[in-house]
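In the two complexes below, subunit A is the common chain; its partner is subunit B in one and subunit C in the other.
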Partner chain A sequence: MAKHGTTHFIAQRITALALVPLAIWFVFALLSHGGDNRAELMEWIAGHPWSVAIPLALLILIGFYHMRIGMEVIIDDYIHKPDLRGWLHFLNTFVALVAGAIALWSIIAITLIA
Partner chain B sequence: MVELTLPRNSKINSKGKSYKGEKSASSDKAPEMRTFKIYRSDPDSGENPRVDTYEIDVSDVSMVLDALIRIKDTLDPTVTFRRSCREGVCGSCAMNINGANTLACTKGMDECGSGDVAIYPLPHQPVVKDLVTDLSKFYEQHAAIEPFLQSDDEPEKEHIQSHEDREKLDGLYECILCACCSTSCPSYWWNGDKDDGNEYLGPAALLQAYRWLQDSRDDEKSKRLDYLDDNFRLYRCHTIFNCTSVCPKGLNPAEAIAGIKRMMVERAK
Partner chain C sequence: MSDQSASTPLSPHLQIWRWTVTLFCSITHRATGMAMYAGTILLTIWLAAAATGEAAFNTVQGIYTSPFGLIVLFGYTWALFFHLLNGIRHFVWDAGYGFSIPASRGSAWAVVGGSLALTVAVWSAVFMLGGN
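Up next is the complex of A and B:
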């Protein structure tokens, strides 16, 4: 995973900046819906596609991407066996893709299908 | 996995010896005995390193290097260390004194607190003997950034540089390559010589890379930045700042690395 350090560096910072407002919004949104049951939460997402579903999707996409590149730095730092490092990079990307896809699909399903 | 423990042959054994000196013959002051705990290692002997204890009179000693020379002179001629200029110019006597890398010749005895003085070699470098480390990799990395002027011009007399452009090199060119900064950096410990093609160049080499990137007479900025644009060579710097806090010349390698990153981002725009 060497080379192209700068692309990585910029991506990490831009996603970090984007996550600041999204994470603050998410915390406040969750706090104000703390007492909701499942149906009410689904309605909250499905009923506000622009103000809830889309920010939520952005949070998931950017969050998982940021997590993946952050994890990549940690793996590069601490793992000393090149083979193991390669495998962990693969696993890292795989987990981020699968978890991100499931979360994104859930929002699409709640908003457009359910 | 991550390597947190020392290799078996680097662990310090308990076979350290003790030496006690006498009042200094050249001092007319009251004797002031100080204890030095010095790392002793001779990899060729196959034995693990040990820590020897030396007690000497420091009433007429001003610098730690003078104390080391007194120990070698009066107590134990086998203590091995590098030294040359004794005035912070050559960088030979870089070592770890009381937990921080510095030059023994510019570290005053009055800066060593009141307890024992612990002297170890530069961290995480192969030890040749006692306080002498093998800095081959460090020098290789310095050579890799091509620390020399590369200009397209071939002036008849000399390359002209304005005073303002010359000032940009202040704080960069003064590096004496003592390796205090690079060997104090945890990221350099772990990634300085990681595996084929993956190595963090370390603060000293990057400071010099920035020195040439800032030189108005140099025409190979793009090539220099291309070489550094790598997850390992440059971006293993995680702004720990040990480099800046230990530099015995008061330079700021961390700022230089930030400068390189800024140039990288501006180039990518």
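Up next is the complex of A and C:
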């Protein structure tokens, strides 16, 4: 993302703004559901698509996007070897995409199974 | 670094700066962001285990609610509150306020104190609710 500073800056802030209410909601939701057994957790997610499953998916997807662009800045700042830097940029994108896809798949699967 | 093009600027190293609370917040914002990258992978594993089956979920839940797991989750909670509050501090700066030395120092201490207080409050609630 080097040479795309303005886009990067705006995307970082927009995702940050979206994550503020989502993160606060999630911490308080976990107070009631962090200790759930599997049936309770699945019922909580699947039974409340609009107030749980979708906010949870948004939190994770926007979160991974935000973390990916944050990590890009860190890699650009501290990794000076061009080959290693390129490899870490690839790894960063790969991990964020795969983890985001697994989380989304899990939420959809839970909603369909429960 | 000898092959580095002369056009790429390098930051001075951490140890040459005098320690200040504003410096602490700057570094810790990055550190907590990186910690939450890992933490959100733990959240993904939790959901994937629930989607997979009873045995997988019980294994993951067992690890997360073990003493070691709870310490990690406590740290994740603090990282989240720190990054959240310091992120709001960055929004205030983006809006053009709070740049004076007393203001930035005061807001830095507020972020440190606020994140610790919120973390302790949340985990007190966890244990009072008798959750895990």
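By our rule, the second predicted complex is superposed on the first by the 109 of 114 C-alpha atoms of A that agree within 3 Å, B and C clash if a C-alpha of one lies under 4 Å from a C-alpha of the other, contacts with A are read in each partner's own complex, and residues count from 1 in each chain.
As a working rule, a contact is a pair of C-beta atoms (placed from the backbone, for glycine too) under 8 Å apart; a residue touches a chain by one contact, two chains touch by 3 or more.
In this text, all values refer to a predicted model and were calculated from it rather than measured experimentally.
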- Query: Do subunit B and subunit C fit side by side on subunit A after the overlay, or clash?
  - Reply: clash
- Message: Tell me the contact category for A:Gly34 with respect to subunit B and subunit C: first, second, both or neither.
- Response: second
- For A:Leu91, select first, second, both or neither according to whether it touches subunit B, subunit C, the two together, or no partner. neither
- Query: Is A:Ile14 in contact with subunit B, with subunit C, with both, or with neither (first, second, both, neither)?
  - Reply: neither
- Query: In the superposed model, does subunit B or subunit C contact more residues of subunit A?
  - Reply: C
- Once the shared chain is lined up, is A:Ile102 touching subunit B (first), subunit C (second), both, or neither of them? second
- Item | First (subunit B), second (subunit C), both or neither touched by A:His4 | first
- Message: Just checking: does A:His80 make contact with subunit B only, subunit C only, both, or neither of them? Give me first, second, both or neither.
- Response: both
- Item | Overlapping contact positions on subunit A, where the subunit C interface meets the subunit B interface | 77, 80-82
- Touch list for subunit C against partner subunit A, complex: 1, 3-4, 8, 10-11, 30, 33-34, 36-37, 40-41, 43-44, 47-48, 50-51, 54, 57-58, 61, 65, 77, 80, 84, 87-88, 90-91, 94, 122, 125-126, 129, 131-132
- Query: Okay, in this complex, where on subunit A does subunit C touch?
  - Reply: 13, 16-17, 20, 23-24, 27, 31-32, 34-35, 37-38, 41-42, 45, 56, 60, 63-64, 67, 70-71, 74, 77, 80-82, 95, 99, 102-103, 105-107, 109-110, 113
- Within their complex, subunit B touches subunit A through residues 1-3, 187, 190-191, 194-198, 229-236, 238, 261, 264-265, 267-268
- Query: Contact residues on subunit A for subunit B in the complex?
  - Reply: 1-10, 73, 76-82, 84
